[in-house]
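We call the chains A, B, C and D, going by the order they appear; numbering starts again at 1 in every chain.
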Amino acid sequence: MPEINVAMIGYAFMGKAHSNAWRQAPHFFPGPLQPRMKVICGRHREAAAEAAARLGWEEVETDWRKVIARPDIGIVDIVTPGDSHAEIAIAAAQAGKHVICEKPLANTLPEARSMLAAVKMAGVRHMTLFNYRRVPAMRLARQFLEQGRLGRLFHFRAQYLQDWIVDPEFPRVWRLDKTIAGSGALGDLGAHVVDICHYLTGLRLDKVSALLVTMIPERPLPDQPRRMAPVTVDDAALFLARAGEMTAQFEVSRLAPGRKNCLLLEINGSRGSLRFNLERLNELEFYDRTQPEAVQGWNNILVTDARHPFIPHWWPAGHILGYEHPFVHAVAEFLEAVSSGGEIHPDFADGADCNAVLDAVERSAASGHWENVQPLAAACS
Amino acid sequence: MPEINVAMIGYAFMGKAHSNAWRQAPHFFPGPLQPRMKVICGRHREAAAEAAARLGWEEVETDWRKVIARPDIGIVDIVTPGDSHAEIAIAAAQAGKHVICEKPLANTLPEARSMLAAVKMAGVRHMTLFNYRRVPAMRLARQFLEQGRLGRLFHFRAQYLQDWIVDPEFPRVWRLDKTIAGSGALGDLGAHVVDICHYLTGLRLDKVSALLVTMIPERPLPDQPRRMAPVTVDDAALFLARAGEMTAQFEVSRLAPGRKNCLLLEINGSRGSLRFNLERLNELEFYDRTQPEAVQGWNNILVTDARHPFIPHWWPAGHILGYEHPFVHAVAEFLEAVSSGGEIHPDFADGADCNAVLDAVERSAASGHWENVQPLAAACS
Amino acid sequence: MPEINVAMIGYAFMGKAHSNAWRQAPHFFPGPLQPRMKVICGRHREAAAEAAARLGWEEVETDWRKVIARPDIGIVDIVTPGDSHAEIAIAAAQAGKHVICEKPLANTLPEARSMLAAVKMAGVRHMTLFNYRRVPAMRLARQFLEQGRLGRLFHFRAQYLQDWIVDPEFPRVWRLDKTIAGSGALGDLGAHVVDICHYLTGLRLDKVSALLVTMIPERPLPDQPRRMAPVTVDDAALFLARAGEMTAQFEVSRLAPGRKNCLLLEINGSRGSLRFNLERLNELEFYDRTQPEAVQGWNNILVTDARHPFIPHWWPAGHILGYEHPFVHAVAEFLEAVSSGGEIHPDFADGADCNAVLDAVERSAASGHWENVQPLAAACS
Amino acid sequence: MPEINVAMIGYAFMGKAHSNAWRQAPHFFPGPLQPRMKVICGRHREAAAEAAARLGWEEVETDWRKVIARPDIGIVDIVTPGDSHAEIAIAAAQAGKHVICEKPLANTLPEARSMLAAVKMAGVRHMTLFNYRRVPAMRLARQFLEQGRLGRLFHFRAQYLQDWIVDPEFPRVWRLDKTIAGSGALGDLGAHVVDICHYLTGLRLDKVSALLVTMIPERPLPDQPRRMAPVTVDDAALFLARAGEMTAQFEVSRLAPGRKNCLLLEINGSRGSLRFNLERLNELEFYDRTQPEAVQGWNNILVTDARHPFIPHWWPAGHILGYEHPFVHAVAEFLEAVSSGGEIHPDFADGADCNAVLDAVERSAASGHWENVQPLAAACS
């Protein structure tokens, strides 16, 4: 089977999840291309070498430019913080590499547009790794929507809530620093729910009214716990939105005790409704108004049957999947797309669509009124 | 509208629930007969008078025989402990009164049979007040079973769990005294789940293997907390059973912390399954194997729609009912039966069927092997 | 025991719920004043007479002014549509009657202010019947908040979702007519969640950004199904809000299939969180960050124990209450307040506070930017 | 790091799960010994070779005796059907290999005893792979029990329900053939719940009363769908049991529509209760009677925090694990035990304890009365 060499830039939390995906994909989703985990790249050689050993990469580099210059690399997988996504991805595309980039695609809309332009120009495969699109329950939900099972869409609502910074003594890590992270809960959590809204409904949000709040404005520095530093990103973001006539409502926060990684979705349409909870990601709840009234109810589908997306590759019915499995699905389907030259989503255009919404959210939070989402086409034609 | 005078014998917890039913029935289920809460009977005049005022009864008696002798009384409603059910009910029937009797019908099977014989002989209407049959979700479940929605029945299982006597300092109240209560969790909770099994499946349990345990063998006397008295009833009862080929499994206990009044049911058949939890009595879960596989799931039906049993008399959809409502349904339908002369269930035969199972449970717990349930017909023909 | 005569103006859905409360209160909450259901008032004598018989009122009137003029009436209970609340309530207050008024207090903020001024001037007891404040789980939640169990408040969020008008053939009933109902989902459902936010947090919302939508702009007339009439109220209302630093988010809709009467609440604070679902109104979920980490979880409290608010008057633990019980609590506590001359909440000031928020919501939906809630004090001093 | 060569005998469902564990363990649980997936063994070379490639094994054998004879193999991992466990495990032990054996340890109690005797004699490490012991929630539950959080144990109950053979056209696969599988639901599902009872409570079941049923007595042969063959194992097993004073109740079935891989547990003790559902394996519910009454509730602990067992090796809080992760835990801890020479559980003694209960269940089902579980010591001293 033909092989393709993969290079991963970065090695923190997302590096662990992506590495697992590259290791597991060939065993559960044997496909046309065999990925080879060739090189991992991190600024600190020692840490990168430790990560390579632990995560299963053959070689170590400390300069991402060298990695991209290597002719043996076919795929570049970017898992660094958002401030370096654009530079790396554009260089990789220009070098003819296929590119996977963690979400959000970029810290700013102009960067996202440039990245999209670069991959289009280069003709390479590109993917923004919104992993939740490939939770089996989310793909099943998408199928239901495509089949018209929800009818005309009235409402979309999503909350993505965590609680890891409720303690004011929790340090001012890089994710709380705007120069690196771009934004806080908005880009980290809000990006996911905006993308899932676009994915499931097939619509694009077109205007928003938003509120960004930072409840704990300063925190101790990670390595100097006695020195406080300002938190320059949002702790929580709330926004109302429209996508045509559909209303949408979003709330993301890192200050919600008891909500660990809780992405809650609900969609209401004229024929039925859907609900989803990421902390119970193997389940999808479906209310079908077309059933006889006396038996209508919230149908809790355990999405682990052979008829469900991705499942035949894993375990028998009722044997649940975990957080990391959708990354495996993403990598496996990306390899297929590389092999076939076919389309794959979410691509950089999807990523930029998401950035356009985040951009409007930030403008609305500043202006205090509704703001239109800038159409992508304008900049990318 | 014609009136009928009701007399209630007893006035404790069940007296409160039955009184509420008599008061509420005419307002929510106006029917052919108007019940008049004529007389309440209790041994202690003062307490009975207080109950009469609070619960809405016109008169007070202290001797149930006098009540039954009154020609103006049409219905006798018995809510005393089990040891007096037989004597009162038989006398009431012989006096030509229609009789409602709290469950279990009797403390022993022979008593239950005598009661059944008496009401049959007298030609009066009779009801064993297994209130859970008239939870809307239970009647809906029965409809589903009658419609064949579960197919061939494989398994029935039920747990009825409470925790009010977990504390060993909880006193030795009358419910823990065999001479009054007949049995413990078995007659109090087990009777309910046996009856609901008979009701929903339409089958009769025919043999059992059982275990009765008393974990806390003595407790302080209610009025002399320093004196201990033996607990002479079971704290918990577990039994396996058959009804033809169907298996059944029951566990009832008063020693299950966190289970307050938790009756859990599940029925598995070739075409689907049902689940129910009394602490969420407005919900019924239905798994329908005849649906397309990708949408099969546990369908949580909120049984509060106009298409559901009893609901049009109450509130709009989603406005839930509580514990006491099924008593209202029972009383309302009993009044209809009295008026029409029609059948009403659960009657004393249903009550005696339940006693026959409890009797087999006690025999099996003593013998250590499976025991057959004695057919009712033998004694009652 | 002293009696007080009650008159109820109106007799539809809320009339049924209030009547039940007046009937039940003396039996479960015997207090210092015995309410007598003296007179019911409705424009159509025949319908009012039918209601009187069914709901338990002694007399019938067709002109509410006559009712208010009767010297024997002590309490006037208003359950008419919102457009007549102000006129009736003000007249009743001026006649020296104690007044209960269904929520929302009024269709407009100026009306609400006039009503408040009138009851203050008259020195009578007054209550806006936001029934959900007296769901036991809500009062327990309030106790938790008063005890500081949630710490500093970060987020409040609420959805109140129903689905009774999803079908476009559902007729244009009075609740869909602005001249009668004032607004749609906003006043009907939004009023509840705004009030519950005020009640639980003890804060007042001070600014909002809102969206009102009418998805189905015309519907058949109830009595002429072939003639369409415009829907002049909102089908759904979404709004972001602030109460000081706390964020709040609200969504109410009548177009959410599967949500029957589903009021979902969550509050996040620095020490913990609370969740509530009206369709499971006997349960309150509490996450306590002060517990040891390994045992922290969402604690589902079945609010039916003797230690919980209102419960000792009803049934033993685990025997759940239904939709109508909080009305009984409200009426019972109103009678106490009338007897003692003490304060009772939610009063007309609480009702006007809610109207002030609804008013800001409507202004924001029109203007497209954040609007301040007008302080009540300004108008009511 | 020192390496140890592993050989796996068998390659079906369990082979896939075990292989994944061997691949993943070094990445998430780097330990003192590096496992090398040396050889896979299956009777059919082609199928075994395909499995080797897919699952990541270096070499292929078709004769397990040859594998065991290889001096380079340090660990033999047995995932064949139960009828060959004893022969392979005993030979492996005698050859000085450390042995992992899938559950149930053996098809019969005498076999299990011989296996235990063999590993003890050989002085090798041995493990019966009851994977559910290493679900983080189960280890947390064990910790709670060891800490005395449940107090005196009253009741244990477990159901393990599946539905994969509800369709009578489902073929007579090897799992339905007693000569290969030993028993049906009993050995497949019942073994798990018996072991988890032993594990969590630290007690051993000592007597049982049981019922075994085969509802669908014949099925088409897998490769000759027109020919029917008898089902020689149980479709469902129900049994009551005692472990000292504690009662236990078990029901396992493959005929429970909607229950896919649903292992439900509940333990009630004097200080609290625990609940678990394998289809939501990241959650553990704990009711703590020692909390103040007004806040007592079922505490749903999402067992994904850094303070929870195994979790720090995986993902941040709220990022759930799946079915296969406990196998990784088992393999990782087995490697540690091999390296240290320390004890590891569940070992073959635990496996034989389980077989002793299954044996008593079969005897009781045949005799119709309670049967004592044979003490293991008798045979193994």
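Here is the rule we go by: a contact is a pair of C-beta atoms (placed from the backbone, for glycine too) under 8 Å apart; a residue touches a chain by one contact, two chains touch by 3 or more.
Keep in mind that this is a model prediction, so the values were computed, not measured.
Peer 1: Measuring between Cα centroids, what's the chain most distant from chain B?
Peer 2: A
Peer 1: Could you compare the number of C-beta pairs in contact for B-D with that for C-D and name the larger?
Peer 2: Output for the comparison: B-D.
Peer 1: Between chain B and chain D, what is the gap in Å from one C-alpha centre to the other?
Peer 2: 41
Peer 1: Calculate how many whole Å lie between the centre of chain C and the centre of chain D, each centre taken as the average of the chain's C-alpha atoms.
Peer 2: Spacing between the chain centres: roughly 54 Å.
Peer 1: So which stretches of chain C touch two or more other chains?
Peer 2: 259, 296-298, 302, 305
Peer 1: Where on chain D is chain B touching in the complex?
Peer 2: Where chain D meets chain B, its residues are 154-155, 157, 159, 161, 163, 166, 168, 209-211, 213, 215, 235-236, 238-240, 242, 245, 247, 249, 251, 253, 255-259, 266, 268-273, 287, 289, 296-298, 367-370.
Peer 1: Name, in rising order, each residue of chain A that touches chain D in their complex.
Peer 2: Residues in contact with chain D: 13, 16-17, 19-20, 23, 27, 30, 54-56, 162, 164, 259-262, 278-282, 302, 304-305, 315-325.
Peer 1: Taking the touch rule as given, give the residues of chain D at its contact with chain C in the complex, in rising order.
Peer 2: Listed in rising order, the residues are 140, 143, 284-286, 288, 293-302, 305, 307-308.
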